[in-house]
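There's a structure below that I have some questions on.
Labels run A, B, C, D and E following the written order; every chain starts at residue 1.
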Amino acid sequence: MDKKKLGYWLFFIALFLGPLYLTEFRLALMGKFLCFAIVALGICLIWGYTGILSLGHGVYFGLGAYCTAMYLKLESAGGELPDFMEWSGVSALPAFWQPFSNPVFALGASLVIPALLAAMLGFLTFKNRIKGVYFSLISQAVVVVFVTLFVAKQDWTGGTNGLTNFTTFLGISLSSPLVQIALYMLTVITLGISFALASRLTNSRAGRVLSAIRDGENRVRFLGFNPTSYKVFVYSLSAALAGLAGTLFVLQVGLISPAMMGIIPSIEMVLWVAVGGRHSLIGAILGAVIVNSAKSFFSETYPDIWSIFLGLLFIIVVMFLPNGLVGMVQSWKDKRKKSKQKGGTANATDSVVS
Amino acid sequence: MLAIRSIQAGYDESMVLNDVSIQAEVGKVTAVLGRNGVGKSTLIKTIAGLLKPAAGSVEWMGERIEKKAPELRARSGIAYVPQGREIFPSLTVEENLLLGLEALPKKERKGLPPQIFEWFPVLEEMMHRKGGDLSGGQQQQLAIARAIVGKPKMLLLDEPMEGIQPSIVQLIQDVIVDIASREEMGIILVEHSLDLAFACADYYYILDHGIVVSEGVTDTAHKDVVKQHLVV
Amino acid sequence: MPPILSCRDVRVSFNGFQALQGVDLDVSPQEVRFLIGPNGAGKTTLLDVICGKTKASSGDVLYREVENIRKLQEHEIVRRGITRKFQAPSIFSNLTVWENLELSIKQDRSIWAVMRTKMTGEEKEKIDAMLDRIGLKEQRHQMAGMLAHGQKQWLEIGMQLMQEPEILLLDEPIAGMSGTERHKTGELIHEISAACSVLIVEHDMEFVRNFSKQVTVMHEGKVLCEGTMSDIQQNEQVAEVYLGRRESAC
Amino acid sequence: MIAAISAAALTLSGCAASNALNEEEETTAADTSDTVSVGVLHSLSGTMAISEVSLRDAELMAIEEINADGGVLGKQIEPIVEDGASDWPTFAEKAKKLLQKDEVATVFGGWTSASRKAMLPVFEQNNGLLWYPVQYEGMESSPNIFYTGATTNQQIVPSVTWLLENKGKSFFLIGSDYVFPRTANKEIKAQLEAEGGTLVGEEYTPLGHTDYSTLISKIKEEKPEVIYNTLNGDSNVAFFKQLKDAGITADDMTVLSVSIAEEEIRGIGTDVLTGHYAAWNYFQTTDTPENEKFVAAYKEAYGDDRVTGDPIEAAYNAVYLWAAAVEKAESFDVDAVKEAAGGIEFKAPGGTVTIDGDNQHTYKTVRVGEIQADGQFKEVWNSGEPVKPDPYLETYPWAEELN
Amino acid sequence: MAVVITQIFNGISLGSILLLIALGLAITFGLMNVINMAHGEFIMAGAYTTYVVQQAFSQYVPESFFNYYYVAAIPLSFLIGALLGFVLEKTLIRFLYHRPLDSLLATWGVSLILQQVARSIFGAPNVAVTSPAWLDGGIAIAGAVLPYKRLFIIALVTICMISLYLYLDKTAAGRKMRAVTMNRSMASSLGVSTKKVDAAAFAIGSGLAGVAGCALTVLGPIGSTIGTYYIVDAFMIVILGGIGSLIGTVFGALSVGMLGTIAEFWTGASMAKVIVFVAIIAFLQYKPAGLFSARTRSLE
């Protein structure tokens, strides 16, 4: 147990010290991947631990990012109308934009709005006992709704261009390398705290209720728990994590557009977790980093045909490593342990709940 | 001949059958008796191929079949009538019966043998009704007829009389006796009712707690001795 | 004594099939009641209705004579003290034995309470005591999925008991158990009945004979008769539908 | 176990780090060598690959030609191709990579406004140089971007005037639901009002929309004389096919498009397009000696069945314009190149183009062409001389309110 | 008046197109419970097949026959779609029958690969298919023009529906397929080879996607990404109709088509899309099993 904890500490410290050994470009990439890792944590909570596959996390990520981006846009506009509104013929700032000139409100909204939307959708669907494939596809339909709306309402949202070209955050220039490093470190710390909270949740009694819901939702009812409220809670929590990641993403990448909320990014988010190991929080983090690194690597090396490699990676992982890379390491270690102490109790192969 | 040797079988990791050996011959009716929950259905499923045994062998006409897929067993002449009948509810009676022909080689699939309508005249009347619209007794007849059209050499009947009105019980019993008298087909009949089983069977086995606790020829068996293993 | 649970003219139908056709049943406090009957008689369906898994199409299920629980959700019924053990063991195989029991403790089960909760010494003792009682002390940290069949059944009974129920519904609790295990289970049930009512569906007649006081026989979605085992054995109708068709069939 | 994983992760990051170091060494080494690297950043996958792959091809061809001619400042140009994957953050990421890691002298890239908007801050923050080769909605002038495609007054404004004079007064505007069509249509509406046209309808469809039956019913209801089409990509195919099915031909209504070049015509099919119009600065049929050479070279390089088109030409021009500016500045330094770029002239396939030093757009000749059965354009009108770029439409009185 | 007729016709027409796209999914997803995200790429394969047939006809067949290329393209598109589906089932899907959500992820990978392969073979830009001359024009009724192409698609989808119905209902193979989807283990106990039936069912569903691709060439673009435009709509239609119910899929497609055209007429295309999807989501809250639900008693 202690060895494990030490491993986690080393891992996060190593990430934290990234600026020491990564170039500016790689650091920026890593910062982006770590934002994705926060999303992955949330997906791991709902999918790996609770058994809900959401294909709509792009929306929560996007909503969080938009909330922060609205603030940044207003700050950059310096009291004037944001540029895209001018082109779109909007003469006054829409009422719902106004509170976003307050950074505290904007940052708060970037957590609360995704969580509220998720709670609303979750409450309805889970109460009606819609689950499995149905829920996944419904969450996908939600993506279509939001992306279409955000594109169509370009006078409010910036349309396909999204929101971009921010200069400062709380008066600090975003482009300076030092700020970038600070944001990177902030991302690592946020990831670390999110990880600590998530593992505390999963190791608590409530966490055991969640995995019980995954294994048999109806049985949980017969222990007197109401699975709906648990599912709504964890679903909103993961949406809030995605929103948080969106905020950090916008600060570092300086851009959010409806394309990042779409069907494709939403499915990719799930695949990060699948590759890393859906039943393991650290696996989800590693998955997000590894898949995105692989994507960058493949597309830098083979710009013409990289998507074939990525497709193959997904197929191979799903087919042969149903518990992802962490699951592979775990079962490999199990095997070694077993051969060491023959006759020991048989070990479940599907119990990679770390 | 069908020979089951030292079978262990069950679900997940709990064994329902611990060590069961039985034999059944073509042309004879073999009854498997026992109370609810002693593993009779498990045994039948293991023979039909829906469950893979954890240990032991199933030998059919001199060949080991315990690892074969159910469809191959069906085509080698083992027909299965499950408990609960499991007819296809949204297929018509005719379609259900035609599916029974799948056990035959393609060339021999030439329509339904008229014999089954002599045994079960009601099916001819109901030919174009949905299987799910039939009464329980009619469904049971359909399930048996569906198994017979494939001309099996061994028919596995899992509690065919269960939940059925007495007149149809009689009819089914008559058919079983008639089939047996033609000596072309063997029958393994799973029952929890002693009287019914003894009315049809040549040989009996009694299962309890996953093992065979008694066996013998029905003609010479003392019902009272057998009874103590069974009913109330 | 007033009944703790009463079913009044409960009816259930699935796609036109009448699974229960007007069942009346009273269960007294601290009573052990066996439900027997041929397959398809509606015994399991009746348990389903009581615990809320299946909603009755008409009729009332009264708890302590006053509250109609027919339309409550499953977890709400459980919180009133009516718990259910299913036929197939429904434990959480990816949790340990200990964790399975921990989830079952009678507690505030709302998410906010559970998140803040910490295992108390009292709870630990309760779990330990239960482990002793169901004989799974050695296996406490094993994944529940790895237990033998009989052990799973006990674990599940243990999980129901941890909830300190008022009424315990058991569906074929001894299926798949060996002789000594059966006996032990029977005794456990009697111990339990000191604190709560038990309603058991069972096929094993030996077991019913050994451990029953009151037996209710069901047939075709109705209650056929009630009484002690010896009453039942005398009943011609019961013999007709249940114990085989006697000589009439041959 | 976790220790093992973290170790693995560390090695991974370590690798990345050492990679990065190696890469840096390579690029610093490159500075002193006799090559200069430039970035080529277009979508090679995803929905935009349809259009952007050809731009990459044109840019690579121009680079090869320049290299064959001795390069720039005696150095061979070494292109680094990246895939923007039709995804705007990817464009930003790759732009950053090209500027920071590869330290390229300039980047040629982009198609959609969204991709340009995503890259813009990257280029401004890193003081990089982007050559953007596609016609766009204007209202932008970044000091770090050169725009070699048309801005609205070099394509839309003159074409509307031409339509009003030649084809009819009542306009129906259709476009894909994104920035370019919405902004363009706003300008067109102002212009119609000023120049005596009437607007009878304005409709937008989501990107990738493929069922136009209802929209066509609306058009039939309104009976416009002119349909001004700013649909994008795949939607054009569906729109034109279904327009023809509904019994509307070029004789009934004139459709003028601003996103359909020769390459798109091949994907839509001439059977449904013949007789409709498009406004551009260049057609494959444009009659200049430079173009003859250009078309021949392009077909030679990429196959006889390939066609050129306005954005392809603008991409090709961009490379030459940059090379000329470098030669004039005698340096690859971004500021020096920018300084030198104003007034640079290039005899492009579509006629002479000149960089406007004020807004870093180019002077271009405007052309309207009619689509022929062979998939080529027949030019029916041109502006005669290159038009000065005016991204903010400051010289048009009716456009005052727009800003 | 003309507008009303046109709009009703448009609704039916859009419904028929959606139905054609969803029909294949109604089998692979509805009956077999496989979430095949590469279904859209089978549509793409059908469209490219049509393109290739057209190219072949224009090169090797006398010009007077050119217009019949489309007649040859329909069955060929079906075959290519079916072949791809067959291969996919044999190599991937059959290992994932018990993991429907995993099949979603794996087939997503397949879809990425197929798109890239198509780009490598046919190039990134769209290709053009000239629709046959006999599909040009339309019937004029009370001032409204009903294009032949749309009538043709309505006819094609009707034929597909009837063939599918006849196949499932009147042939031995169809009977086996229904039996396997209803009760797999019982079917195998009767001697039905479930593996063969699974592969055949998946191939037929995929083949129908191919036919849809072929039909779409007369209306829309043909490029490597066309599948992505339709895939989500198609899945929503199948759940809206009710999983496992072909007739439900028909009603699902028609209602989405009608609602879509009506909403688009009153608002605009973008808002119409939003309205349709919100309506579907809301409807599923009210009736989670869809329009025509095949109710079961199973617990989990």
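The rule is simple: a contact is a pair of C-beta atoms (placed from the backbone, for glycine too) under 8 Å apart; a residue touches a chain by one contact, two chains touch by 3 or more.
Predicted model only: the values in this text are computed from it and were never measured.
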| item | value |
| --- | --- |
| Of all other chains, the one whose Cα centre sits farthest from chain C | D |
| Chain located farthest away, centre of chain A as origin (C-alpha) | B |
| Dominant chain pairing [most C-beta pairs in contact] | A-D |
| Distance between chain centroids, defined by C-alpha means - chain D, chain E (Å) | 35 |
| Chain B and chain C, separation of their C-alpha mean positions in angstrom | 32 |
| Centroid spacing, where centroids are CA-atom means, of chain A and chain B in whole angstrom | 55 |
| Touching two or more other chains - residue numbers and ranges from chain C | 53, 145-146 |
| Set of chain A residues in contact with two or more other chains | 148, 151-152, 216, 218, 304, 307 |
| Interface hub residues of chain E, defined as touching at least two other chains | 115-116, 228, 268, 270, 273, 299 |
| Chain C-facing residues of chain B, complex | 10, 12-16, 35-37, 161-163, 166, 169-170, 173, 192-196, 198-199, 209, 231-232 |
| Touch list for chain D against partner chain E, complex | 44-47, 49-54, 177, 203-206, 208-211, 213-215, 217-218, 220-221, 233-238, 241-242, 244-247, 263-264, 266-271 |
| Residue ranges of chain C in contact with chain B within the complex | 38-40, 145-146, 148-150, 152, 172, 175-176, 178-179, 203-205, 209, 233, 243-250 |
| Touching residues (chain side chain E, partner chain D) in the complex | 2-3, 6-7, 10, 13-14, 17, 115-116, 119, 123-131, 136-138, 140, 145, 147-150, 216, 218-226, 228-229, 260-261, 264-265, 268-270, 272-273 |
| Interface residues, chain E side, partner chain A - complex | 33, 35, 37, 92, 95-96, 99-102, 104-106, 108-113, 115-117, 120, 228, 232, 235-236, 239, 268, 270-271, 273-274, 277-278, 280-281, 284-285, 288, 299-300 |
